[in-house]
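The structure appears right after this line, and notes come after that.
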Amino acid sequence: MNKKKENLFGYIFISPWIIGFLALTLGPLLFSLYGSFTNYNVVSRMDFVGFDNYQELFTNDNLFWVSLYNTFYFVIFSVPLTTILAILISTMMNQDIPGMRIFRTIYYLPAILSGVGVYLLWMQLLDPSTGLINQFLALFGINGPNWLFDPDWAKPSLIFMKLWSAGGAMLLYLAAMQGIPKTFYEAARIDGATNVQMFFKITLPMVSPIIFFDVITSTIGSFQIFQEAYVMSADNAGAPENSLLFFNLYMWIRAFNLFDMGYAMAMSWILFIIVLLLTLVNFKLSKRWVHYEGD
Amino acid sequence: MRKVFFLIFLSTIILGACGGFSLGDGDTSSGGTGDPEDGTAQEETIVLDFWTFWGSEQRRPVIDQIIEDFNTSQDEIEVRHTYTPWGDIWTKNLAAIAAGDPPDVIINDIMTVKLRAEEGQIEPITEFVQDEVSGRFYDQMMDAAIHEDEIYALPFNTDTQILFYNKDLFEEVGLDPEQPPETWEELDEYAAQLDIEEEGTYERIGFYPLIGAGTDIWVLNALGENYLQDDGEVLIDTEPVHETFNWILDSQDKYGQNRITSVNSQFENAQQDPFMSGDVPMMVQNANYYVQLRDFAEDLNFGVAPLPERVPGNGNTSWGGGFVAEVPMGASNPEASYQFIEYLTSHEAQLYWAEQNFDLVAHEEAGVSAAGSGEFDDSGQEVYTQMIENMDETLLTPQPVIAPDYAGTVNPIFESIVSGNTDVESGLEQAQSELEQLVEDNR
Amino acid sequence: MYNTRKMKFWKSFNLILLIIGSIFMIAPLFWMVSISLKSLEEIYRGGFNFIPEDIQFSNYAAVFEIVPFFTYFVNTSMITIFVVLGNVFVNAFIAYGFAKIQFKGREVLFIVVLSTMMLPGFITLIPQYVIFANLGLVNTYYPLVLPAFLGSAFNIFLLRQFFKGVPNSMIEAAKMEGANHFYIFFKIALPMVKPALFTVAIFSFNGVWNDFLGPLLYLNDESLYTLQLGLQVFKEQSSTQWHYLMAGSLMVLFPVIVLFFLFQKYFISGSNILGQTEEK
């Protein structure tokens, strides 16, 4: 009886999502799955071709592997670095220092600054000779790299830009840290704990659900990096030397420049499987380190 | 909580007053019939939706004027203009075609007409186009709008690459400012005279082929034709292309890769214009670049010339692009759409566009009239005339249906040769075989 | 007792670090301001001057002349109000269900929720457009606003993490007293995750305020356009009007900055609620 009621309440609470999923998401999802087995071109063609697209991708498409490599490179560096940086910034922000509201606003600014205008701005900042960054490095006698014009530095440039906007996640951590009862720290302090100890023993476990959230969502997001690369690579197609050809950029080119939508859909499902597996692994691992206060 | 309810209450009120939430006017795109703006129901007017990416303070008034002229010139069709952001306009168009509710006329990229025609995104307009109309345009532009004997679009405007050079600096080093270089060899000689070297770095770069232009333009210039032929033949691993890359690399060796990158990136990021500042006295650029010189470098004394040729007699082949007006697949009244397209590409409209925007128009005679237009000053007339003359040797490189993604295969290899990561011999060999393979696969 | 001198040292060390960091964070913004005050002529001439030779406040006025800024501002605000309201309340509702109600199939459904984030948006973009077109909703705000009332995976996940922090013991106690989940949700759980609600509000405000693709696809009438679409007129095929683009971007940004600055006090008050409940 009680169990039934619990079920009913559960479905009532998640019903908006179910409606949205059935009405707006499921159809396009299944459509793209089917489309990945066709030569769909959006307008005039959708013939079933079996596993042709997948076979072509795995056996005969060099750019597919290049884009996969680039994307993994980006995810592996940007996700941990931005997460760690965000936690550090938030820890520093979570205290009573005069002008904290202004500091928080400043650190959050980069996250608000989004869109094409900002990427164009960053292209200026990263300019090898007149850019602010290399000018700054020159003050210390460092000869800055050619950033976006050097295939070896193009991806680090984007990671660097991502780090700059790590303050966005600060909001999450702050919200979580504000929820940690002050009494915890006071008690620890009486026991003679140091700041560092308190950070590892209290702060980190208490915000672990949010770290978990941040890692999962930024992994998903980083795998889908697109607009930055589209705007910031000189030919909008991954230059120099395909170093910025990320998975989604290549998919975009296939879908909207060459109208190989079926092929792009196959690519999207490969990415889907990769990200889904990673997320499931993350969920399994999370039982070991994520600590839910309420449970 | 009370505040929240107040907010909801407030927004419901605004909601009623806001057009975005009223369902009635949801369907403005039609091409079917509708009342004219003033609402007087005299005769049924055909309303056409026209999408362009011309929203700037420069271009918008010009296209709006052309539309107004068309609307007042007759009373059956009323064209409504919608500005849609550059580049993204075509994504939106594709979605609208897929949903069966596209605009009636759109401005699109001339390079992809054949490909999009092949994919069924454009309504053919062959039946409406008379010879008199299709003969208006530069041949290479009209060719780009035709796919398998059907006409899919009419060309609107184009551009072409020319050599810009700084006359004052020519004079300063003892070169004749009225004698621009005519061959690659002369380019190098002039460059050597114009160079200023201080302690191993070049303060002034006499000439470097890849400032302003890309490798593909020089390859085209050297070959006199595209490296991928319509029939699928690939001309990359050939003598002229080898020579092109060796020439570029020699020049790069002289100036040093870092110096080049720094100038080039400034140019791309619009941080600084090295031609305007005199750091680069010769440069190949899109002829439209004149507008920037006119507006932002009043004192600069410059000249223009055709692209120098690889060896005497090889030809001054240049490269161009441009835009067309077309009817997206599924538009409800292609005939009416065509009427407007014909007006857009008429002598009158094209001349007006050319004069107001300093844009090279597709209508050959309108271009000639514009070259002598009183709207331009002397140097404007000179540049415009050069653009028109250049069209004789300007090639368009429409994406071939046989290998639409050829550039994506070849460009990274070209980049790698220029950056020194691959040598010319093996790079070109690789590009040749990969492109041949691509063509083979697509057959 | 805790060493207060050491604490003082840490505090000032922190402060210095924060100030240095701020410089990095804010430098690009200053650069933006600098460009927005230059003439296009000066931008092309180049050189590295932070302070423009001839300060052009008129750039800001020009943006207003070229773009119907006020109309777009109202339009964008309209969409934003609804999306933020929808996002905050509907997602909280859904998230509570996933966090605190043991119903059948919960774990699997939650993975499905997450998986909707994993397929690149532009793959489903055209089919989704076709759905809205068939509903006759193209060229209205509904395609932009409606999804906010039907849950978004990111926000559901985020709020679920916070709801999980609500002690089960409290929920059980309330149930004992005969409260159902609606009551618990509104009276107990929701107030406890207030900081998270504001986080969602700020995130979704930021997202919808800067959204480009949605308005691009679904709005055909220029009178319905949003600020982000309006800004695009400064970017054409071959040239960018940097000064206007930056001036416009800054004006679009301004409300977001102000809002964030003001919203922060709710972070503080949110913490108190949990603190109080603990003390009781």
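Per-chain residue numbering starts at 1, and chain names A, B and C are given in the order in which the chains are listed.
In the analysis below, a residue touches a chain if its C-beta (ideal position, glycine included) is under 8 Å from a C-beta of that chain, and two chains touch if they have at least 3 such contacts.
Every value quoted in this text rests on a predicted model; they were computed, and no experiment measured them.
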> Taking contacts as defined above, which has more of them, B-C or A-B?
Replying inline: B-C
> Which chain's centre, taken as the mean of its Cα atoms, is farthest from the centre of subunit A?
Replying inline: B
> Per the centroid of Cα atoms for each chain, what is the distance between subunit A and subunit C, given in Å?
Replying inline: 15
> Hey, how far is the Cα centre of subunit A from the one of subunit B, in Å?
Replying inline: 35
> Residue numbers in subunit A touching 2 or more other chains?
Replying inline: 42, 120, 124, 130, 256
> What are the residues of subunit B that contact at least two other chains?
Replying inline: 91, 94, 98, 266, 270-272
> For subunit C, which residues are shared contacts with two or more other chains?
Replying inline: 46-47, 126, 212, 232, 235, 240, 242
>> Can you tell me which positions in subunit C touch subunit A when the two form their complex?
In response: 2, 10-11, 14-15, 17-18, 21-22, 24-29, 31-32, 35, 46-48, 90, 93-94, 96-98, 100-104, 106, 109, 111-124, 126-128, 131, 147, 149-151, 154, 156-158, 161-168, 180-181, 185, 195-196, 198-199, 202-203, 206, 210, 212, 228, 231-232, 235, 240, 242, 245-246, 249, 253, 256-257, 260-261, 264-265, 267-268, 270-271, 274-275, 278-279
>> Which residues of subunit C touch subunit B once you look at their complex with the stated criterion?
In response: 40-41, 43-47, 65-66, 74-75, 78-79, 81-82, 85, 125-126, 129-130, 133-134, 136-142, 212-213, 216-217, 219-224, 229, 232-242
>> Can you tell me which positions in subunit B touch subunit A when the two form their complex?
In response: 90-91, 94, 97-98, 112, 115-116, 119-121, 258, 261-266, 268-272, 329, 404-405, 407-408, 411-412, 415-416, 419, 421, 441
>> Going by the contact rule set out above, which residues of subunit A touch subunit B in the complex?
In response: 41-45, 60, 63, 120, 123-124, 127-131, 146, 148-151, 234-235, 237-242, 253, 256-259
>> Please output the residues of subunit A touching subunit C within their complex, sorted ascending.
In response: 6-14, 16-17, 19-21, 23-25, 27-29, 31-32, 42, 89, 92-93, 95, 97, 101-118, 120-122, 124-125, 130, 132, 135, 164, 167, 171-172, 174-176, 178-179, 181-183, 189, 192, 195, 209-210, 212-213, 216-217, 220, 223-224, 226, 248, 251-252, 255-256, 261, 264-265, 268-269, 271-272, 275-276, 279-280, 283, 292-295
